[in-house]
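I have a structure here, written as structure tokens, and I will follow up with some questions on it.
Letters A, B, C and D mark the chains in the order given here, with residues in each chain numbered from 1 onward.
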Amino acid sequence: MPELLFPLDSTKPFTEQQIVGHNRWHPDVPAAVTVKPGEEFRAHCREWFDGAIKNDDSAEDIRNAPMTKVHALSGPFAVEGAKPGDLLVVDILDVGPLPQEDSGPLAGQGWGYTGIFAKKNGGSFLVDQFPDAYKAVWDFSGRTCTSRHVPGVEFTGMTHPGLMGTAPSPGLLAKWNTREAALIATDPDREPPLALPPEPRDAILGTLSGAEFDRVAAEGARTAPPRENGGNQDIKNLTAGTRIFYPVYVDGAKFSFGDLHFSQGDGEITFCGGIEMGGFIDLRFEIIKDGMSIYNVDENAIFMPGNTPPQYSEWLAFSGTSVTLDGEQRYLDSQLAYQRACLHAIDYLTTFGYSPEQAYLLLGAAPIEGRFSGVVDIPNSCATVYLPTAMFDFDVRPSADGPIKIDPGIGAPKA
Amino acid sequence: MPELLFPLDSTKPFTEQQIVGHNRWHPDVPAAVTVKPGEEFRAHCREWFDGAIKNDDSAEDIRNAPMTKVHALSGPFAVEGAKPGDLLVVDILDVGPLPQEDSGPLAGQGWGYTGIFAKKNGGSFLVDQFPDAYKAVWDFSGRTCTSRHVPGVEFTGMTHPGLMGTAPSPGLLAKWNTREAALIATDPDREPPLALPPEPRDAILGTLSGAEFDRVAAEGARTAPPRENGGNQDIKNLTAGTRIFYPVYVDGAKFSFGDLHFSQGDGEITFCGGIEMGGFIDLRFEIIKDGMSIYNVDENAIFMPGNTPPQYSEWLAFSGTSVTLDGEQRYLDSQLAYQRACLHAIDYLTTFGYSPEQAYLLLGAAPIEGRFSGVVDIPNSCATVYLPTAMFDFDVRPSADGPIKIDPGIGAPKA
Amino acid sequence: MPELLFPLDSTKPFTEQQIVGHNRWHPDVPAAVTVKPGEEFRAHCREWFDGAIKNDDSAEDIRNAPMTKVHALSGPFAVEGAKPGDLLVVDILDVGPLPQEDSGPLAGQGWGYTGIFAKKNGGSFLVDQFPDAYKAVWDFSGRTCTSRHVPGVEFTGMTHPGLMGTAPSPGLLAKWNTREAALIATDPDREPPLALPPEPRDAILGTLSGAEFDRVAAEGARTAPPRENGGNQDIKNLTAGTRIFYPVYVDGAKFSFGDLHFSQGDGEITFCGGIEMGGFIDLRFEIIKDGMSIYNVDENAIFMPGNTPPQYSEWLAFSGTSVTLDGEQRYLDSQLAYQRACLHAIDYLTTFGYSPEQAYLLLGAAPIEGRFSGVVDIPNSCATVYLPTAMFDFDVRPSADGPIKIDPGIGAPKA
Amino acid sequence: MPELLFPLDSTKPFTEQQIVGHNRWHPDVPAAVTVKPGEEFRAHCREWFDGAIKNDDSAEDIRNAPMTKVHALSGPFAVEGAKPGDLLVVDILDVGPLPQEDSGPLAGQGWGYTGIFAKKNGGSFLVDQFPDAYKAVWDFSGRTCTSRHVPGVEFTGMTHPGLMGTAPSPGLLAKWNTREAALIATDPDREPPLALPPEPRDAILGTLSGAEFDRVAAEGARTAPPRENGGNQDIKNLTAGTRIFYPVYVDGAKFSFGDLHFSQGDGEITFCGGIEMGGFIDLRFEIIKDGMSIYNVDENAIFMPGNTPPQYSEWLAFSGTSVTLDGEQRYLDSQLAYQRACLHAIDYLTTFGYSPEQAYLLLGAAPIEGRFSGVVDIPNSCATVYLPTAMFDFDVRPSADGPIKIDPGIGAPKA
């Protein structure tokens, strides 16, 4: 194991650790650790809600999840020599749940969870069809997992960090806050909200204190969305062995990360859609001087995925177009088309005996593929979603015999 | 080779064939051929513009492409015993360019083309950045292809039919026309248009004639978009070996297909973004009685992709979010996020010496993957696009050495 | 389709074609066709026994197969500019059964066969356990196949030429004949024989006639084995898209090929173990001048496999070591270890209801993987064989429930 | 992490651990640990020479490696309820080097080694061409590795246990000793030896002592070869996620394992050909009652490989036949054919600047594929070996430009 530069004690809250991380983006959050290019190191990551979600059969914790506390991030890591304009090369050497901790109250200690977030507290991709909170707990067994809340499936995790990114420059941060405020202003009372403005409550900012803390907390961008710096991209393909290239906006790059997922399907559709966990990640940095202009990469990460994701060769796929459930024709709306494809998959799975929520939770957690199949055929986008058939312990393919009926077990807890 | 039930003579126009196909969706287009479940057969397919696009170094034909003539479809095929409510199981046994015809003026005779459509004639996914018409011609060599207009790349085709579908019922057709008219009415003069209404001009309707022809031509839905019946889904994964399940809306199903692509990237982003060609397809039908209700599949195809697509294991990927180029924050707009990811890929490739249009044409034609990575992280969707690095005959990965410079050759013809 | 330079009329025997091929290796078989580097062309290939094996439910034809007639080869093709010492680069652009001929008496017309050869006429890998002749006929359906003689399985073919090679120089030919004669001399009456000496009977030598024919027929090497020139390597991975590099021993290289297989498992273990067929192959040559010394390739082909073989991701595997069935310990004998692994697979499959011969025929025909797992652990080699579980239409994995029982149908015909 | 049931302290020798394992096969080695079916647990494994091989630039340790001490095995593990005649289902949940130990003198502490064994001390697959001892040290970086002794390559490890097995019954053990003694007797002074007889010197037998130790040490089978019980199979495909089924010969099965490899190519051709390391393995057992007769598996493991091995899609392959380097024709000898294929690969790689020993060490360590391509084409077997081209940081493919020349660096140390 590489040297552990960012340790977390699983028995203590995120704010009482030896090194305190952060949960807002701001250039003035001080670097917690400094590393050299080429150095390999390990960091621990806390699950995004810092332990608020329990391994139980209730979804009350999901309904009341403390959205102002997310994401508990490890960092910032200053990289020696990194300057604005460079590309920061990040090698994900390995990533996984907490080694040595096979059970315990903290997600990542041998288990993780998927949540459907309620309309009143975050919402999800299919919030209109699924307005209430649900949860599924997944038990890890090596690189595979199962759930008492979603019986009949077992799959190999597509393990990755949901969130990685460099610190924004002051100008970039201002741009974020401005444009997101403009969006919010179009419908400020919407539920779920259109975006999340800076929120001093529950801000964690490393070693900052006093007036500086207050200033940064008032300005710091929330970590929910992906942005120019990477951020919460939730790209399931960032598995071990991945090399990513991030734009550098501040001296030292100030790289942070967290939101580990044991697995996730494309889109993370239930909002808390991957299998959330704490764990470890092993990283190494390099720098491409002036890489942003040399390669025309001035925003958003580019990457080369690792070569050990789970291999599945047989898929059952569903398609959708950009017509609403009410029959309204929208213009080339791939977001809607993917919603419709996912709803079709859910409808299909219920014929085998799953509840819609079980099917939805499965799509959020398993390594499903979601593709932009057609984006130009006016007026309909066509989106497709692919489920690996081998994850089911029954034959999930359509046939003249009709679907077998599974025992849905205790079902997914609802709040 | 299975029996050829739908032959096309490459020397004659689509309307002068032994069996005349169609280019509009309507339940009353008469079946051209009747087949039994389990029967294997071959059909020829004409390229979508019926030969209007030439193997030359001009894009005039793309700029003036006859949009009212598309798509030249083979069919309808009536399937004995198929009834509304059934699922029609379609096995794609094989698909490819025209065998025995290695050269000639018709796309599919050893070559195919990709076009960027002009804003005034169709437009494309990135129409604001690419308002003019461009073309690339691809030469087939077995299962791979190259282009004099996009040097430095060679890839194995992801060969598939862009369009397959069953006939709509009268009620379903009426629903399409109503909802699309409502969309068009919101901005009737938009260029490119929001949708395409029925268009009697250039309608081809099999054996129909006289008043019946006129009625059906006036009502028939255009074939551009995917809809409940499948249609122009442009799913690149429908390669040989794929099994697809279509809802049946009329007696006999009346199945039609066309728009073959030698290859295509996810999204078919240049509009005419696959490598368009005529060719052959070998099919077999089965029926799942009452499958629509048994499996909750009352619209949009479900499918199991074939197991011989080209294998690539090393990818270079780009990400994008739902912020416009002008800096405006949109709310969870995956269509926009995919545009931004594709633009990032184009920007990157230009650092190696490609023109933006060459890069765009390549993304439309090569077997790139486009994924919905994050669809819930308000306010930004995150979309990703993956390019197989092995298709380049140079090292396309970022490094401290900077990009090598390729010779872009004669470039992509512009009109 | 590239230009057809070597046509075969399916209604006529191999010796009565417009261009007559050959079935012996000799430098003096005249070139049948001359091609330029870079030229793409098509050739037809006759199945190896020139039509002697029928699509019926008898194995008499296998028992009496005319071994002196094999292999019916297309060629020789002279390549302009190729000189001894060069490497001949061969691109397999495409390969498959006879297009346009979906049924007929000739293997390749929509069907192919696998034979277990009898001890008295060729023998096979497991000849001591399977001394008699058996046959299975496979029906092609696009890129997949099934057999009435081996029910319960369907798989995508691993289609390739079993035999390709350059002509030997006179010196190389003499070396072959000398060393093989020496081996035969150690046990000249063995059944099956240790090797096959030159055999004038049934020799086919292109346009040769008279005394020259007699001389070459007396000297020409049999085509059964692989040798320095490539030859009957039976490498299942030479699928479409493969690039192979052959040593050149004579002016023009004189390249020949045949023995097409719709599919084959590693080893071609039933002797006639692939699915034998006639068909077509599309090729292109290039030359690496002096490549033999530049790359140290003075014998045996090197190659880069194509990227569209069938993809399977779940395998059931069996292992074997170099202990004989009688319990005798042999020293690091991988040939024996692979026999034992295959026998284990056969024993296993019989618990589901297959006859041993059905299982053996399946292993010869399906795209199984056979690997040298351990070759140094004295005294035992360890060999392993991998079966794709998806080819079975039942669950073939071991479980506490025990094997289900399939209906073996009419079984494999025996002679 | 599952509960650690078999800990090893890296600072102490294998014989001074809290639980002492064993290095001979015998039914009377007492169970070290007892586990229940379904229980998940972790065990540590010592590298096979118990630390005798160092991370340095000398191969003296390889030349003098203590062959009588191998293999340091963890176990035996008794499984509750397992009886002779059952199949023991073993799930490899995870496997890797020693967590938390990134550097140190013990292989597995962030590094591993590959050795070519000298003819006088073990020998190797190509012992006649490589009679001397060589070593390469590999540094681990997440799931990939590099070596200062073999520059220009980096690959993802194919991590697996080289050795796993159940204890033999007394009868089976006697059979082993008898048949191996008979083989040795045919050439008792051969170097390297044909097989290894029981050897009391350096025997480690768990808690046994006194006369019982002496008896078991005198009878116990060496662990070098694979046998009916599994044993040293060196199957590179037993990666994380693999399920294996072992015959049970004694009450409780008495399962043992070790010889972890960070990576290995098919065959483990340099003898110590994988990348040897200590580490951990997480396992779970189940039992199929009477599975040996139900499934006809009375010897040699059957298995289903895991689905996360490294993915490579482009390969450069070499072939060989069963003709000796001296030109002697052997009869269908796949062992020889694979030697010739490997020698061809080595000859080829030397044209780029590698020494033959560097190339040989690479083939032993990297995830190369070795296949039985033809095993029936008298008199020649055809074997093939496939190298993933992506592991080279230069273009390793043949071309008209000839091979580039790499800097071989300090080379592989020789003793």
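What we mean here is this: a residue touches a chain if its C-beta (ideal position, glycine included) is under 8 Å from a C-beta of that chain, and two chains touch if they have at least 3 such contacts.
Since we're looking at a predicted model, the values are computed, not measured.
Engineer: Identify the chain pair with more contacting C-beta pairs: B-C or C-D.
Structural biologist: C-D
Engineer: Hey, which chain ends up farthest from chain D, C-alpha centres compared?
Structural biologist: B
Engineer: Centroid of chain A to centroid of chain C, CA atoms only: how many Å?
Structural biologist: 50
Engineer: Taking each chain's centre as the mean position of its Cα atoms, how many Å separate chain B from chain C?
Structural biologist: Once rounded, the distance between the two centres reads 39 Å.
Engineer: Between chain C and chain D, tell me the centre distance in angstrom, where each centre is the average of that chain's C-alpha atoms.
Structural biologist: 32
Engineer: Specify, in ascending order, the residues of chain C that touch 2 or more different other chains.
Structural biologist: Answer for chain C, listing residues that touch two or more other chains: 307, 311-314.
Engineer: Using the touch rule from the top, collect the residues of chain D that touch chain A in their complex.
Structural biologist: 1-3, 40, 91-94, 99-102, 141-144, 156, 240-241, 282, 284, 306-312
Engineer: List the residues on chain C that touch chain A in their complex, please.
Structural biologist: These residues of chain C touch chain A: 311-314, 390.
Engineer: Which positions of chain B touch chain A when the two form their complex?
Structural biologist: 87, 89, 123-125, 175, 179-180, 182-183, 192-196, 224-228, 232-237, 245, 266-271, 273, 286, 288-289, 291, 294-297, 299-305, 307, 313-321, 323, 327-335, 338, 340-341, 344, 347-348, 350-351, 369-384, 386, 389, 397-400, 402-403
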